[in-house]
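Below is one structure; the comments refer to it alone.
When the chains are written out, they are named A, B, C, D and E in that same order, and each has its own residue count from 1.
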């Protein structure tokens, strides 16, 4: 039975290791799309719920699948398959292929593993693996921009990991168990909830923790951006679902903060995204914005446990929707970039338009469904917030539309660079696959999601008026990406400098004193010794000693 | 009313102390040596006053006579030496003297606080004198009661002669350290006359030691004087070929003494426990051997270097 | 006031004079003499320790000790003098 | 059945080397074989005596069967047997080293001819000191030792050696005469000179004076700071085996007498004990400082002797006047440790000088010749002198500090620690020279300069290191016959 | 169940006897030397495995030899000893292979391997010491045995470093001697007994017990490189790579840390220590060290110095875990003893490979080395990530337990401390990884040494230890994993109800 869980993880790991051997590389590249296949199969075929334990692994690991994680596993695997296929076209045989492949495969392992992990440590292990391996994906281009983005990325990753570690440790200690299921059902303290939310929010890219996300997406090569945006940031959501006591415990404060930041995120990200001129960065901001929606849902869930079952279904659906659509958009951008001829570009643009529309919430698409379902689900939540939420949600459709338009324009102006070897035809298959999956999501969802599909099916029709308001929001575009201005390289020095200075000062002082002492130490004994032997003080001491002992003894007689 | 003898003692004592001081402060080194000889003789006189004729004799013969000879010989060799040792600063000297004065005060205090005339071991010696084999108590102590000390004392002499042989290698080109050439004929004739007489005196002293003041050391010293005269008058000149013999004579005392001491052990006796009926014989035997040894050793100490040193190795180290 | 007392003090005086000489003198030959004085001083002390008021015979043991001491001292003196001679020779050669 | 006459080992250990010396003096050409033979014989006899003490407790021989105080008794208790065993053992190994050092091709025949008789007489004198129970006898023995030691000092005949030997001679004679005057005061007061008489005596001014004189005399002979001025030059300029003997064994004899007298002569006052300890501190500091400055290897080792002697005195004073009854153990153990290690060190230094051709510390690292085994021996000996476990030096320091701590004399602990650090400092100067390799002009060969002669220092060094593991039995043995406390 | 068989002694004697043989071997008989080295190391691993098995069955070995009245040399194989001895056995084997490869053509190999063996013997002795006195003995022996290794190259710089090393460690040894004496005087024994021997004393004279603790910790802290006694460690980096590896991973610093464990648990007993407030003080000291070491590591450009500062920081995790007075933290601490060992040894060996193969000693020159030396750098990466504390690597396991232990003991401040430290770890390790993997190799400057291919003897050991890092973390719950073994130990040190 264990093999079922081990294989999806083992296969990519094994392939990564085999990359060491040059002879195996072409073969591995050929297998790249298939690396996530076992995971997909597992998601599709495994009976739910399912669990196994590996007591020896890492303080007792356990793996399993439930309804939610099965869905996550499914779309994640799908995305990785598509990205793998694209990557094969994109990189195979280029100088950087080895590093990319290893990081890609390790990140894949992490991403898949965290979904099937059922205990905190295993989860954390895979989460970290994914985060750190992705660094290699981000800086793949080795350009200045890529390194800047990578540094920003890694700084946030570390921040997130630390928060996560602390949160998990606290939570596990509070729950007295390391099983995620126990964590979810136990009473969670405010602190650990905050830490967990913080850790995962970094991954989600919720403002103000989003700084890493757009640059990273912009800098990473297309296949990497696809998984980063499509699969990996969902891990943040998944993490929250997996660890927080959603539906059992109300954490109103946290919920409030989440909702507020989510709301802000939705719009601010759009405003920031509009001012970008790199299409992939624009897509990145779009992801941030979308994640704001998800944060909204989460916040609501935190405030009102009762609404959670509905919210959960919506959130899962939204995740799947965004994953597929965003993945398709990125791959499409790549496809566009790889085109050399005008006709090809037009064709590619048409292909890209489909997921863009889906994302913007065109009627009958998963985007529209998701928003409506969220609205109805939020209706079960907090009364006070509801009006604002409805407004916000509605406007977000507008914002996303604007952003997609911006994406189209920038894509046309500055298509992402594709390696010369990239064959457009090769990318078509994977892109089309994802586009179709994104488009077809509303139709296959009821079958795929089973019980979780109910709220989606029940969602009402979409409103179209928000489009009108879109223009006014463009005013916010002047809020440019000022936040990017601050470089992180100063950070390190600023911490270390005072310490170094104090230490150096102390060392210098000690050295000076020591030199002086050494001088005296060298000279004094020489002089004293010289004098003593010259004056024969040693002889004098004989008499002195006798006198002293005599005096001492004389005192003794009295 | 002061006892005139005591007055004499006081004057003698003062003279001895002043002589001691003079010895150390007198400029001329020859005068210094002469004064130290005088000092030794006065001390011997004082010891006679203290009823210690054996000691006085030993001091006169060895402590004064032979030491004086040694000093003179050395003085001859190093008299060319300029006074090139810078004296200590006055302050240091004053401090030293002050401290020495304090030492003196302390010791005198302790001495005055101690009653004289403790019983000591005199009674024990007298009680056991009969078993010792000799009649003279000092000889009994030396050769029987504390024979071990005496043996070791002879060992000290042996060490000294070995050390002197090793240290002193003569002067490669410098004149021989003898008084020979300057002494002229008179001393030679004097020596011819005097030598047999001294020899007889030495033998007598040895013999008489068992019952009256005198004994191996005094006898040996007198005989050593014979040797020294022989050397001075160049009647005898040490040759490298004489070395084995000389070595033999040097160790004779120690070897004989030790052999007797060890051989008497056994049959329930411990080392140095002479069988009662042979005690006198054995002691005489030992004394004879030791006297010979002492005489040869002291003469050799006077002569200094090993005979071979000049002829083959010179002053080379 | 007795002979023993007088010569005891004499001995101590001689010893301390010798001691002082040994401490402050620089001429090697003189230093030997200073030590010689010390030894005589120490001898005085032992002889005085043996001394008894006249009718009584003195204790022979210290006498024997002093005789031993005298012989030991001449041995040491001989070695010291040999060293002085040797040093003189060496320094002589050294200067040439 | 004839009963074998029981051999009196006490006399034997004194007379055997004496006989050897006579023979060696008589047969100059065979002196080395005679010498080694005599030392081996003495060592065997010493072992027999040790066994006897082990089985029967303290052994006494009244020489001439008079018995103290009229006659002289020889007595071996645990302490004296230990020191005697140390003397013969170290002496044996140094003799083996000397066989090489004075071999035909290395040294003039003269040295060989005189070394052996002098050394055997020295051995005789040392054993005599350890077995003696009579003050005057101790004086005579000390003279035997000092004359022989001076002879050994000037064995090389070099001018520095002679100069140092003369200074040594003056100090030695003066020390002995101070002792002799002390003996005079004792006789004046007590009318006897044996230890038993001392032990029974009540305090008196004469004994106080005697104590002062004897302490000063012995301090001079044992080179206690600030009376140490003669030692460094004498030990540094002698030939290596002679230095080893002088430093390892000769100073121990007078130290031993101090140890005995401090117990027998008078109950020591707290101030006097403190004074002794204070002088020890001075010795440690001054000796170490000079060792840090020394430019020659052997001079450094000699200065370290000054420092180590200081440590022995600190050990003696470690727990004040009340602790003296136990403190001698620490002092004795340190003496033992120092004897063995210092012998090893001087022999090793000699070997290094022999192989490299000089002993300038600064230039040790310029030599392309690296006498590895000698260097190793030096290092091992240094470990023991520094007092790192499990060496004998460590055991001594442990007892020192333990006693000081139990009695609350923290200053002695501080002193010990400072002494340790200083010894590390000055020895590491040398070790650094051994281990530095970037200054020599030609390449260093491997495993150079090994010789059979390295066996002696190496064995000694290993003993110094390993005997610490046997410290408990050694201490138990030293306690046999209640060296201090019961009647001697 | 106590057993007086000689097995521990034999384990001690193997390297001890190998040492003189190795020292005496001529320089050129490399084959024989390697055979002896590896043979001894292998035999030792096997014997240690056997010993571990016996000890896991509940056998305690106990050998005694009286040195001074009442004072024994005592070899005792208890579970805690096994933990350390197993580490030393395995890493000795690996480092030996590495050292053979590293010093293949260097000078003084006989000396090197001789003292190397001696150093291992000292480590074994430290592990097996059944009382503080024995511990002290081997502690000093370790100092002396490592000194020639530190100054192996015999250059002026090496000697200067060696002197500093000697001053610190011998000074520490001296202080420890004082502490041992104090313990001996206070408690009349220096034995390591679970639960401690100072209970009564601590009640009677708490001040003395506290002072003694300070003295002991200073003595041990020198080797464990606790701030402010750490300065020797970065300086000692002039030593050859295998030495740095062994010194920092196993022998020296761990000896100090191990001693702290012994003192807290088996001299004072955790309850006594807690009652006297000693654990808190120790924890604070450890915390300072952890942060300070990390911060200083940030500024270092020399690879080995950076690693050394990292060691300063990491070793204090052990002290921290011990001081937290919680069984869970104790497990973390003990596990970290092992985990830090295998991780740090990997890092140092790779650093050695970089210096040896590419002539690279600075972080700033590490650009692109991952592409040149992928195997070694992969190992480096694993170990570095482990140091940061990423799962499933070994470092994570220990940090997790430390954190959990801190919470368990109600010491919440441990969490931010660990986080901060991890953050700093990341800040100094990740740039190295970044350069290694994601930068293009620099164009070789004129004076760059020629690249030499490194042999398998250099490549395999770090790979092996990196694999251990993975296995120790990944299979932390398997029987006989370090973590499981620490559980075993902790059950002995804490009374049963603590669980």
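Note that contacts are C-beta pairs under 8 Å (C-beta built on N, C-alpha and C of every residue); 3 or more make two chains touch, one makes a residue touch a chain.
Chain labels with UniProt names: A, C = NADH-ubiquinone oxidoreductase; B = Na+/H+ antiporter MnhB-like protein; E = NADH dehydrogenase.
Remember, predicted model here, so these are calculated numbers, not experimental data.
Asks: Smallest number of touch links from subunit C to reach subunit E (NADH dehydrogenase)?
Replies: The fewest touching-chain steps linking subunit C to subunit E (NADH dehydrogenase) number 2.
Asks: Touching both subunit B and subunit D: give me those chains, sorted by label.
Replies: Output, common partners of subunit B and subunit D: A, C.
Asks: Identify the chain whose mean C-alpha position lies nearest to the mean of all protein C-alpha atoms shown.
Replies: Chain nearest the overall C-alpha centroid, as shown: E.
Asks: Quick check for the class: compute each chain's Cα centroid; which one is farthest from the centroid of subunit D?
Replies: Farthest from subunit D by mean C-alpha position: A.
Asks: Between B-C and A-E, flag the pair that has more C-beta pairs in contact.
Replies: Taking the two pairs in turn, the one with more contacts turns out to be B-C.
Asks: Please identify which chain has its centre, taken as the mean of its CA atoms, farthest from the centre of subunit B.
Replies: Relative to subunit B, the chain whose C-alpha centre sits farthest away is A.
Asks: Between subunit D and subunit E (NADH dehydrogenase), what is the gap in Å from one C-alpha centre to the other?
Replies: Computed from C-alpha means, the inter-chain centre distance equals 42 Å.
Asks: Once you find the CA centre of subunit B and the CA centre of subunit E (NADH dehydrogenase), what distance in Å lies between them?
Replies: About 72 Å separates the centre of subunit B from that of subunit E (NADH dehydrogenase).
Asks: Can you check how far apart subunit A and subunit B are, centre to centre, with Cα atoms defining each centre and the answer in Å?
Replies: Spacing between the chain centres: roughly 105 Å.
Asks: Which integer distance in Å separates the CA centroid of subunit A from that of subunit C?
Replies: That pair's centroid distance is 100 Å.
Asks: Listing for subunit D: what residues touch at least two other chains?
Replies: 136, 140, 143, 147, 150-151, 154, 157, 162, 165, 174, 178, 181, 185, 187-188, 191, 204-205, 208-209, 212-213
Asks: Among the residues of subunit A, pick out those that touch two or more other chains and give their numbers.
Replies: 536-537, 539-540, 542-543, 546, 550, 554
Asks: For subunit C, write out the residues touching at least two other chains, lowest number first.
Replies: Counting only residues that touch two or more other chains, subunit C contributes 15, 18-20, 22-24, 39, 48-50, 59, 61-62, 65, 68, 72-73, 75-76, 79, 83-84, 86, 90.
Asks: If I apply the definition of touch given earlier, which pairs of chains qualify?
Replies: A-B, A-C, A-D, A-E, B-C, B-D, C-D, D-E
Asks: Inside the complex, what are the residues of subunit B that reach subunit D?
Replies: 106-107, 109-111, 113-114, 116, 118-121, 124-125, 128, 144-149, 152-153, 155-156, 158-160, 162-163, 165-167, 169, 244, 247-248, 250-251, 254-255, 258, 262, 265-267, 269-274, 313, 317
Asks: List the residues on subunit D that touch subunit A in their complex, please.
Replies: The touching residues are 174, 178, 203-205, 208-209, 211-213, 215-216, 219-220, 226-230, 266, 269, 271-272, 275, 279, 286, 289-290, 292-293.
Asks: List the residues on subunit A that touch subunit B in their complex, please.
Replies: 535-537, 539-540, 543-544, 546-547, 550-551, 554
Asks: Help me check something: in the complex, which residues belonging to subunit D touch subunit B?
Replies: Of all residues in subunit D, those touching subunit B are 5, 8, 11, 15, 18-19, 21-22, 25-26, 61-66, 69-72, 108, 110, 114, 117-118, 121, 124-125, 128, 134, 136-137, 140-141, 143-144, 147-148, 150-151, 154-158, 162, 165, 181, 185, 187-192, 204-206, 208-209, 212-213.
Asks: Please give the residue numbers of subunit A that touch subunit D in the complex, ascending.
Replies: Of all residues in subunit A, those touching subunit D are 521-522, 525-526, 529, 532-533, 536-539, 541-542, 545-546, 548-550, 552-557.
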